[in-house]
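I've put the structures underneath this note.
In what follows, chain A forms one complex with chain B and a second complex with chain C.
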Partner chain A sequence: MHNGHNGEALAASPEEVTQDILRKHREFTPRFKALVAVLAVLFLLGVVGFIIRLQDGFEHRVKWGYYAAVVVYLLTTAQAAPMVAIAPRLAKANWRRPVSRAAEMFGVVGLFNLLLFIPLLFLLPSTEGRRTIWFDGPSMSPHIWDTLAMVFLVLCGLAMLWAGSLPDMAAARDHSSGRRQGLFAKLAMGWRGTDLQWFLIRHRIGALASLYFMFLVFTHFLIASDFVLGLVPGWKDSIFPAFQALSALQSSIATMLVTMFVLRKWCGYERYIGLEQFWALSKLLLATSLLWFYFWWSGFIIFWYGRQPVEQNVISLIISGPYLPIFFTTFILNFIIPLVLLIWNAVRRSILGPTVVGCSILVGTFFDRIRLYVSAFSIEDVTAHALTVVPPAHTPDIADILIIIGALSGAGLSYALATKVFPVVNIWEIKEYMLLRVQAAFHRMEVTILAKPE
Partner chain B sequence: MQQRVSLEDRQINRDLLRGVLEHPLWWFALVGFVGLVLLAGVISTGYMITKGIGVTGLNRPVMWGFFITNFVFWVGISHAGVMISAILRLTQAEWRRPVTRAAEVLTVFALMTAALHPVIHTGRPWRLLYWAFPYDFSRGIFVNVRSPLIWDPSAIFTYLTGSSLFVFVALLPDLAVLRDRTTGIVHHVYSVLCLGWRGTPKQWKLQTVAGILLSALILPVFVSVHSIVSWDFAVATSVEAWHSTIFAPYFVIGAVHSGVSAVVTMMALMRWLWKWDKYIRPEHFDALGRLLIVVSTTWFFFFFLEVLFGIYGQESPEIALREMQIFQWPWSMLFIIFLLTAYFIPVPLWLFPKVRRSITLMFWTSILVNIGMWLERFLIIVPGLARKQPLTFSWGTYHPSIIEILIVAASFALVAFLLLIFSKVFPLIPLFEQKEGQLFAKELRVGRKKVPAVIREE
Partner chain C sequence: MARRSILGLFSDPDTTANAMDALRGAGYKDWELDILSGAPYPEGTFGEHMPSHHLFKFPLIGAACGLAVAILLTAGTQLAYPVVTGGKPILAIPAMAIICYEGTMLGAILFTVFGIIFESRLPRPRVGIYDKRITEGYIGIVVTSDETRVVQAEKTLKMAGAIEIKSGA
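Up next is the complex of A and B:
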């Protein structure tokens, strides 16, 4: 590694890169098997927790608060992670190339989260007699539209993953034999790398990426409006859906930083995922962390300064009341730590620094989802005109803890299994980068010359 | 398609200093015309100060009209410079090179013009002192620092100072070129201004570091300025439709939308007036068009949230206000024009590369955006105030007087006037950026094709 680039990988021949990544893709190492086994056991524990929770029925929404928090947490982190492939791809940033597939593969976790989402529909009350973004529409509007949004988001994520993997599936087909070759031949959909196929893949990825971005923002808008704002009487907060979407962008970067660290450290991809990726993402993480504060403050100051009784009660519910310790934890983990660490270039330009900040944000966002969703699920009378009494904090029971462990393990398990279907490092994008980049002498320096095709 | 043109340093100097060293007739005609409009504005302001604020259309309950709308509009335009210069510099976007200076200068002049509006709006400008500065300590009368109306001047003057420094630091190498090409007293003035620039490696390094530092430092100021302007409205609870939590980012992104559009307008005019076809090329408009699609769509999403959560509460005063804004004549007409011009006409057009690469179409669509964005501010401010009181007999309306119209027209003339004067003294396209761009431009052979390439800055 030199000059912040993945020099070692780029110095190899394209065929070496293909062979190396496909070999890692094929291997079932003992470490991988152990990881899958542990995650599977933890996931089963979550299933037990879910069964215990089911015994309580769906009448008491507050009992499902932690369940809702973990589902939205996965929506905020894992399902937002493909943005780390989408945004730099639209901006034609080359550092994305080794990590774009790892980001897109979180689309598989979306499928798992879609299953977790189903019980939430039974907890959402009818819109009759309460304020919702659906006004006088059919009483089941949020149920229908939220489900459609989640389904389209997941389908779009999977389509984007598959469309972007076709050349690598063809490479896996050409470098394998037997049943494995048959499987990858089917997944590669007859990819031969013709001009037309390349033209189509670029346009498909571009269109799906734009769609995914729009669906992600739209889904967050719906979930934040229907599962938080709509359940708290008198809470009228136009920035909240945008704040949740922004929080998803911040968490997507944090998710990818931690994923990249794991891939580098324990999966043998250090040749491909280097300082360049961590450095680029840490700059974006600093920007989104500052925006996190800005969006939070923009909402807070209006309520705090206005001194309206309803708004003061909302502040008490989600900030200064029973969830104050959780709010402080979130504030420190999602804003103070990223700010204090990432303002230093030495920290940004390292592997460990951004990873530590990524972990901090992932934990902070988890607490934030608890603060917002458990508190909103604690409100019993959703048809009241205004919030007059702030309910006490709801503490998790054993079922909640098992559900949280199971949901997070299930997400990890689905991702781990997906790495054996799709090569986790994008082969064709790295090989393309090798074509577009040369090192050359410029006066007394050696510089990188980068081709910028249309 | 990238349309690079290979240019010698000498030719760059000759072409880009044309605005400073040559004196075409159209420049004098334009200065004369905008000077006349400006004069009309100055006379109107003088008349208003003499006769009192009664000569305007302002009356209870609408005490903020054209002046404050125009103030918010010009603060919005001032967001062009930082957006284009600071962010594109930090992200090393190559296409920024011909755009930066014009955007930065537009920022400074727009901000200066904006700052004039609250002064004019007071009707008795000297009373501004009582409002914004501490006075009469002996009687215990202090400025209310808890008011956003006090935060505003602090943010605006910090931004103005930062933006002026930004322009000056980026001007240094070009000032030295002008020093070397002038004689007599003008030569001495440029010598002083360029601070002994010789182009040594140390000077270049310092200038680059200063540019990056200022870019990073000015970004929070840039966000704070329009956020605070938005809080002038949003922290108030007495005016329906103003008390909205999305206002700060909604105003900031709206400002970027109108500011970047203003840069497009200016770029087209620069290309036509100074015949800088080799420097300001369709690819630059294409990049600005792409940026505008993202910015305007984000702005539209925030606008949607603002309106949706306005009526979400289903409170009758707010519903009545929104009905007036959207359905009652003449507000309905203004609302439709606003929506069409700020989003629904330009954005679908920008989706087509041919439109983005057509200078004429980009010019006219960028003008449309700013018509829409001016109306947006007007529709936020005036209808809310007209329905401010709960009792219907105290509702009111607003008709701008000719004095206000002339002063608003003069504000546009003032910005144009200052830009024309600036173009006579300093180059509007940075010479050193162009030369650096030429040095960094390369070509790579990829397969059978030659692809434009750049040397990547670390």
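Up next is the complex of A and C:
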């Protein structure tokens, strides 16, 4: 009955599923070791780039533009990825079960990104003498509230990951020995699987998931407002923060599609992650790609029609001026390619098609963050009344390139290491699905009957 | 009288449900019985009682506390240093809204994490009576009662088809 809909995994017994996932979880294959080694070396290169950048100090914000772009890129992609577990879980979509843990594990990348975020605080100017969302609040308001937002977003993501992993930590504890058993016993915190514990795990994840969603959008609102809008004099745009939050939702799906493809192709999880997951996410990806255009257009048309000098300069800064090639690249990768490919059923209902579109969006979003954050960081006088001179494009130097490579590798490294602590495929959610579903004959075909106890 | 726990291990859900019926028939109360399983069976599968919890109160209380602190902070500072800006009122809601929202969310998140740990009675330094086979698909019934009633429960569990009985403190 294997038809790409996780059929093979569901034909196995719950114990076989547990054993299989835990075996993959504890294996340190040569391929995994090589991956970790390569990512670690690239990350160290990034550290070198960061040290070079530090020599320049924090006086010239423009030099840190690419650093800011990559930090916000990780916020937009990796830290938004748990949404792929959250939204379908709240909607009780069963296809999310094999991929929910892989999405939640991006919470660990959030912890890494929180460290990267710290230097940005030294680059953010005081709010005195310029217009910000903080009105006449204390001059360090963005520094305090943005940091709190980032810290609590990471805390919420890690709490969601930990809370949802308790039963699998207990399974790992029961199927290991020695130091590993000690580690998992600590992480499982005495989990036994009582009816109260199962009852609570269902509800606690729902509560944390809702909070994460509400806080992710809010954090994007703060970061977009303080690190882009607030730095460009005269740019007043209520749609831009929402555009960035929407871009995060689009990128979260793209991140997960690529992650699922890697897990399926090279990590041995093809039994669990099948066509069903790719197909479901491709539909959401098409919808968010259309919304990407809608949000961008809504922001653009107001400035284009207004034609005030400052509005023309803002359009020149982020769209038609020095960053025009980057804007076109973004537009093609984030909207045209997803639209042209995903309108076809055959592409949506495949594994390779949505993955290719996911790659396109991840690259496009990276260029988009460069377009917005590097250009905003290029503005020298942030206290001016309006943007009168559009600065030229700031091209990356060797330190920027090393930082970008290091930050992306560090994110990958933290995720790879986390897969050896948390099983990357959610065991207990798959077992729950196996309990609730039955294969039965329906006239001349076989169908899956799913119990809905709630 | 000292209380003691025993664990009856069963290989399938039907036998477990029958054993729960037998224990209840023998006079054991819901609070004396607990089910251990490696997968989340739907609530009530074994005829067990619905556990009560206060998890939803934690985010609500946390949100209320966070909102109160945020209002106190924003309104308090503006009233302490009243400077009229652009003809706007001293206590302008748009200026306070962002901090109030963030304060509400921070309180809700903090209290939810605390509530999860508290309501789950975690961390437990000792796992308690348990069998590793639970995560292999076996189902356990834990009976915690007086010494004499535990002896009776052991007999009931055996008669109901328990494949093994384990004793705990």
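In this section, the second predicted complex is superposed on the first by the 450 of 454 C-alpha atoms of A that agree within 3 Å, B and C clash if a C-alpha of one lies under 4 Å from a C-alpha of the other, contacts with A are read in each partner's own complex, and residues count from 1 in each chain.
The criterion applied here is as follows: a contact is a pair of C-beta atoms (placed from the backbone, for glycine too) under 8 Å apart; a residue touches a chain by one contact, two chains touch by 3 or more.
Nothing here was measured: the structure is a model prediction, and the numbers come from that model.
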Partner chain in contact with A:Y305 - chain B first, chain C second, else both or neither: first
If touched residues of chain A are counted for chain B and for chain C, the larger one: C
First (chain B), second (chain C), both or neither touched by A:I118: neither
Partner chain in contact with A:V340 - chain B first, chain C second, else both or neither: neither
Which of chain B and chain C A:F135 touches, first, second, both or neither: both
Touched partner set for A:P167, first chain B, second chain C, both or neither: second
Contacts of A:F442 with chain B and chain C, given as first, second, both or neither: first
First (chain B), second (chain C), both or neither touched by A:G190: second
Contacts of A:V47 with chain B and chain C, given as first, second, both or neither: neither
Touched partner set for A:A451, first chain B, second chain C, both or neither: both
Residues of chain A that lie at the interface with chain B and also at the interface with chain C: 133, 135, 435-436, 451, 453-454
Complex interface listing, chain C residues touching chain A: 34-43, 48, 50-51, 53, 55-56, 58-59, 77, 83, 85, 92, 94-95, 98-99, 101-102, 105-106, 108-110, 112-113, 115-116, 119-120, 122-128, 130, 132, 134-137, 142
Of chain A, residues touching chain C in the complex: 13-15, 18, 133-138, 145, 148-149, 152, 155-156, 159, 163, 166-167, 170-171, 174-175, 185, 189-204, 207-208, 211, 214-215, 218, 222, 428, 431-432, 434-436, 451, 453-454
Residues on chain B engaged by chain A in the complex (per definition of touch): 1-2, 94, 220, 223, 227, 231, 234-235, 237, 243-249, 301-302, 305-306, 308-314, 442, 444, 446-447, 451-456, 458
Complex contacts: residues of chain A adjacent to chain B: 3-4, 131, 133, 135, 217, 221, 229, 236-242, 290, 294-295, 298-299, 301-303, 305-308, 435-436, 438, 442, 447-454
